[in-house]
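Step one of this worksheet: look at the structure below.
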Amino acid sequence: MLEASNLECVRGERCLFAGVSFRLEGGEMLALQGRNGSGKTSLLRMLCGLTPAASGEIRWCGRPIAQLGDEFRSELCFLGHQNAIKEELTPLENILSTARLAQEPLDEDAALAALELVGLLGREDLACRYLSQGQKRRAALARLVHEKRALWVLDEPYVALDRAATELVAGLVGAHLQRGGLVVLTTHQAVAVPAGNVRELTLGDDVALQQRL
Amino acid sequence: MLEASNLECVRGERCLFAGVSFRLEGGEMLALQGRNGSGKTSLLRMLCGLTPAASGEIRWCGRPIAQLGDEFRSELCFLGHQNAIKEELTPLENILSTARLAQEPLDEDAALAALELVGLLGREDLACRYLSQGQKRRAALARLVHEKRALWVLDEPYVALDRAATELVAGLVGAHLQRGGLVVLTTHQAVAVPAGNVRELTLGDDVALQQRL
Amino acid sequence: MRNKLINWFRYASPQTFYPLAGRMIPWFWGLAAIFGVAGLFIGFLLAPTDAQQGEGYRIIFLHVPASWMSMFIYLVMAFWAATGLAFNTRLSGMMASALAPTGALFAFLSLWTGALWGKPMWGTWWVWDARLTSELILLFLYIGFIALQAAIDDPRRADKAGAILALVGVVNIPIIYFSVQWWNTLHQGASVSLTRAPSMAAMMLWGMLLCALACWMYSIAVALMRVRVIMLERERHTDWVRALLRGKA
Amino acid sequence: MLSLIRAVIGRDLRLAMRRQADIVAATFFFIIVVSLFPLGVGPEPDQLRRLAPGVLWVAALLATMLSLPRLFADDHRDGTLEQLALAPQPLALIVLGKVIAHWLVAGLPLVVLAPVLGVQFDLAGDALAVLTLSLLIGTPALSGIGAIGAALTLGVRGGGVLLSLLVLPLYIPVLIFGAGAVDATVTGLGAQAHLSLLGALALGGVFFAPWPTAAALRVALE
Amino acid sequence: MLSLIRAVIGRDLRLAMRRQADIVAATFFFIIVVSLFPLGVGPEPDQLRRLAPGVLWVAALLATMLSLPRLFADDHRDGTLEQLALAPQPLALIVLGKVIAHWLVAGLPLVVLAPVLGVQFDLAGDALAVLTLSLLIGTPALSGIGAIGAALTLGVRGGGVLLSLLVLPLYIPVLIFGAGAVDATVTGLGAQAHLSLLGALALGGVFFAPWPTAAALRVALE
Amino acid sequence: MIHWNSLAEFLAMGRHGPYVWGSLLVMALLMVAEPMLLLQGRKRLIARLRRQHRAEAAERGQASAGDRSMANGSND
C-alpha cells in the first residue's frame, strides 16, 4: 500500500538520509529507529506530504501521494511531536472539534468512551492547560480510539506517558494492525506491540553535503 | 539536607497528595514515581519553592526554604518539562547565557566541551529552532555537565532522548551523586543510575476534596 | 499583645466571621436608611439656594459622598490587600474582592454626578483636568482589579495578583485628593476642612455629612453581604458551609 | 462543504469565547485608540468632527491588523495547523471559515461600536450611518486580505512587522475609500461611488484571498 | 549586581537582534500610525500641526503597549522564567534589566524617530526639541509601568486585553504630561513643569516598578 | 421651613432639574440594584452548592460501596 523509493532528505547543509526505500502492506508496522536528529521526524513529515522530499517518491496504492492529494489525506492520520490540542478547550471539546473538522461524525458518548479509555474521565471538563504533561498527551491520543483511517503516522507517541498508558497505546496500534491498517511510528523506548507484523528501519548518521560529491 | 514533612498539594477541586514526607542526604537520589497526573511535577515545583504547598514544610539543612530564599536557590538546579532554551539562539549561546544569568563564569571552551559531550558539536552554531526534539532536550541538559550546585531537581529528563543520550544523562546524575550531591528526579522510563543511593517514592491516586472530610 | 493577635485571627477565620457579618448587616441597612432619608430631606427640601450656583448645587449631596466613598473604599481595599500579602489570611483577600465592585460603583457615580454637574456649571460634561482624570483612573483601577481577579481561576492566585495591583494603584488616591491644590483646575477645592471654619452654610454641611454617613453604612452593608457570598463560594468544601447549607434546607 | 466551513467557524468562535481576550482585544483596542485621540489632541468639537472619519478608520485598520498574527499562529504552534493541512478537504475552504470567524470576532464589533464612538466626535446622523455602512462593507476585506499576509509570515523571523509591511499597502485603498465615503457625506457629495468600490474590494478579499492563503500555509508547514 | 543586570540586558538585546521583529515592530507600528493619520484626516498643514503632539504621543503609547505582552510571555512559555525566578539573585534586579532592555528596543527608537516624523507634521524647531525630550523622559516610564501589567497578566486568560485595561489608566498621565509639554511649547507657555512631572513618573516607573513586577511574576509561576 | 413653594418648583430645580434628578435617579437606581443583584446571586449560589453537595454525597455513597477509581480505569 505505502511505498517509498529512494527518499532523500536535505536540511540546511546536511543530507540527513538518502536512498531510503521501503514497502508497507496492510497489517504491517514500520518502526523507525535512529539517534536524535537522524531525521525520523523529517521522514514522517515527508510520508504525510507535509515536506517535499529532496529526491525520491512516495506512493500510496501505487500512485504518488502528491497526485492523490485529498484522496491520500482522507486515509491518513498523523500525530506529531506537538499534541494538536487546544489548551483553552477541555479534552471533550478537543476530541469533538477534531472529529468535526475531520468531518467524521463522533457523538458525545463515543468521545466520552474514548476519554475513559485513556483515563481522562473526571477531567473531561477541565481546560487542557491544567492537565499534566502526560494527560495532555493522552488527550491527543484519544483520537486514535475511534480512528478508522488506514495509515497512522505517529511521532513518538509514548513520550510523557506512564506505563499503563504506553501499553494502552501499544494495544490501540496492535488492534489497528489487526484490522489491516498500516502504522509508521518512531520511538526511543522499547515497547512491544501486541499484534501485527513489525518491520524496522534505522536511519543512520547524516552526512555533510560536501562529502557526498 | 533536604527534608519534606507532611506536604499536601491541592489543585482546583482535587487533593493530589497529602502527608508526603521524606528526607534526602548528600549522595542520595529520590526517584518520584506515579501515574500521569499524580502530582510529580507539582511536588518538584514545591521543592523548588515555585509553588507554595497547601500545608506542610520543606527544609534545607534544617531551615525552611521560604526563609532561606536566595541562599537555597543558589544551591538549586531545576530542569522542568520545558527546556528553557531560546529557539532563536544557538546551543552555544544558550548555554553561555544561562551560565551568565546564573552568575557562574563559564568560558567558551568549557561550553563547547559540554556540547560535545551531549553530542551537539557540529550543531553549536545552528539556531535551536532547527534542532530535532531530542537535540533540544540535549541542549537543555548540557547545563548539567558543569553544574556544581548541590541539589538537582529534574522533571523527566530522559524524555525525547535516544538510548545513548539517556545513558549519558544517567551517568551525569550518577557522577553528581558520587560527588555528594542530591537529586530529585521523575521519569516513566526504567533507567538505572550507575552510582549513588536511590530511594523511591510513589505518589498515589488523588482524592477529590469533598471526599477527604 | 499575643492574645490580641490570636483574637484577631479568630475573627479573621471565615467560619466565625460569616455569622457575625450576617447579624450586623440589618443594623447597617437600618442606619443607612435613616441617614439617607435625613440627609436627602435636609439637602433637597430644607437647604437654601446657593448664591452662585442656584439649585444645581444640590448635586453636591450626591457627588461629594460618592467621591469620598470611591477614594476611601480603595484605601480600605488596599489595606486588606496588604494584610493578605503580609499575613496570608484567607479573609483579607475576600474582603478586598468584596469591596471592589462597590468602590467601582461609587467611582462611577462620582463621575456621573460630576458630569451632570459640570454641564450646567462649567458648560461641559467633561474636561481633562487633573481631578477628573485621576478619578477616571480610579474607576479603571477598580475595573482592572475586578477583571484581573475574574480572569484568574485559582482564588489564591487571584487574591495575590489583585493585591499587587491594588497596592500599586494606591498612589492615585493622594493625587485625586490633592490634585486641586497641586494644579489649578476648574474643579472646586476642599470646602470641608478641620482647621478652617466651614465655608458653606451649616445646613448644607449637615446634609452632606448625613448623606456621606448613609453612603458609609450602605458600603459596609453591601460589602458584608458580598463577602458572605464569596465565603460560601470559596469555602464550599468545608464542613461549616456544608453544615450551614444543610441546616437551612 | 458548508458543514466544514461551519465546523471551522464554530471551533474558532468557541476558542474566542473561551479566551475572551480575542473578542475584546480588537474591540478594546479600537475604543482606546479612538478615545485617546481627543485626550492627546484637545477637545474642540469642530476639529474633532473633521478628524472623526480618519481616526475611526485608522483605528479599525490597526485593530484588525493587530489581531492578524494570531489568526494562524496558535494553530501553528500547537500542531493543529498540520492537522488541518492534512484534512482531506480543500485547505482554502478551511481558511474561508477562519476568515469569516475572524471577521465575526474582530470586525463585526467594530461595526457595531462605530456609531457610538462617532457620537463622541459629534458626527451627524447621516455621516454616522455612512461610517457604519462603510465599516460593515470594508472590514471583511480587511480580514480577507490580512489572512494572506498572516499566512505568508507564519513562523517567519520577524513575522509581526513583516505582516504589517505586507498588508498595509493593501489596506490603504480600503482606508481611503472608507474614510472617503464618510468625508463625502459630510461635505454633501454622496458616498455611493466610494461604497461600491469598497464592496468590490470586500468581495475580492473574502472569496479570492483564501486560495493564496492556503498555498502560503502549505509552504509555511514544509 | 550590575553584572547581573548587564547579563540580562545583553541576553535580551541579543534575542531582539536575532528576532529582528522586536526591534522593528514597535518602531514600525509607530511610523505607521503616525503616517496613516494624514492619510485619513487630510493634509491641511495648520490642522496637522495642532494634531502633531497628540498623534505622536498616542502612537508612542500604543507602540509600547503592543510590545508589552511579549516582555515576559516568551520566557514564560519556554521555561526560562522559572529559571530566572530560581536564580539566587533578587528577581527585581533581573526585571530591572529586562525593563531597560525593553526600553532600548522599543522605546529608544521612537525617541530617535520622533523629530523626523514631527517634521512631517510641520512642527517648529523648539516644539520638535521638546517633543523628543518629552519622549526621551516619558518612554522609560511607559516601559516600567508596563512591566507591572505584563507580569500581572502573564498566563492569564485574556491576557492581552487585560494588560491594556490595567496599563492604560496608568499611562494616561504620561500621555497628558507628554503631549501637554509639546502643546505648552507650541502655545508659548514653557514646558518646564510638564517635563519635570514626566521625569518624576519615569523615575518612579523604572526604579519602583520592578518590585511589584517581581512579586507578580512569582505569583504567575505558582 | 421647607425651602420650596410648590412641587413644580421643586421638580424644576431652578432649570437644573434634569441634571439634579438625573444624578439622584441614577444613584438611587444603582444603589438599589446592587444589593438586589447580590441577594439574587446569593440565592443562586446556595441552590447550586446544595445541588453539588447532594451529588457529592450520592457519589460518595457509591464510592464507598466499591469502585472509586473509574476515572483512572486504564491504570494499574
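Things worth noting here:
We call the chains A, B, C, D, E and F, going by the order they appear; numbering starts again at 1 in every chain.
Just so we're on the same page, a residue touches a chain if its C-beta (ideal position, glycine included) is under 8 Å from a C-beta of that chain, and two chains touch if they have at least 3 such contacts.
Not measured: the values here are computed from a predicted model.
Of all chains in the assembly, none touches subunit A and also subunit D. Put simply, the chain farthest from subunit A by mean CA position is C. Each chain gets one centre point, the mean of its Cα atoms, and the points for subunit A and subunit C are 59 Å apart. Taking each chain's centre as the average of its CA atoms, subunit D and subunit F sit 37 Å apart. Taking the mean of the C-alpha atoms as each chain's centre, subunit C and subunit F sit 18 Å apart. Chain centres here are Cα averages; for subunit A and subunit B they lie 29 Å apart. Contact of a single residue of subunit A with at least two other chains is seen at positions 81, 88, 119, 123, 162-165.
Contact with two or more other chains is made by residues 18-19, 157-159, 162, 165, 168, 172, 176, 222 of subunit E.
Within subunit F, contacts with two or more other chains are made by residues 53, 72, 75.
Residue ranges of subunit B in contact with subunit A, taken from their complex: 11-12, 34-37, 40-41, 81, 119, 123, 126, 130-135, 137-138, 156, 159-166, 188-189. Residues 18-21, 24-25, 28-29, 32-33, 36-37, 39-42, 47, 50-51, 53-55, 57-58, 61-62, 66, 157-162, 164-165, 168, 172, 175-176, 179, 183 of subunit E are the ones that touch subunit D when the two sit in their complex. Residues of subunit C that touch subunit F in their complex: 44-49, 54-56, 58-59, 62-63, 66, 101-102, 105, 108-109, 112-113, 116-117, 119-120, 218, 221-222, 225-226, 228-229, 232-233, 236, 241-242, 245-246, 248-249. If you check the complex, the residues on subunit E that touch subunit C are 148, 152-153, 156-159, 162, 165-166, 168-170, 172-173, 176, 204, 212, 215-216, 219-220, 222. Considering their complex, residues 85, 128, 133, 136-137, 140-141, 143-144, 147-148, 151-154, 156-157, 160-161, 164-165, 167-168, 171 of subunit C touch subunit E.
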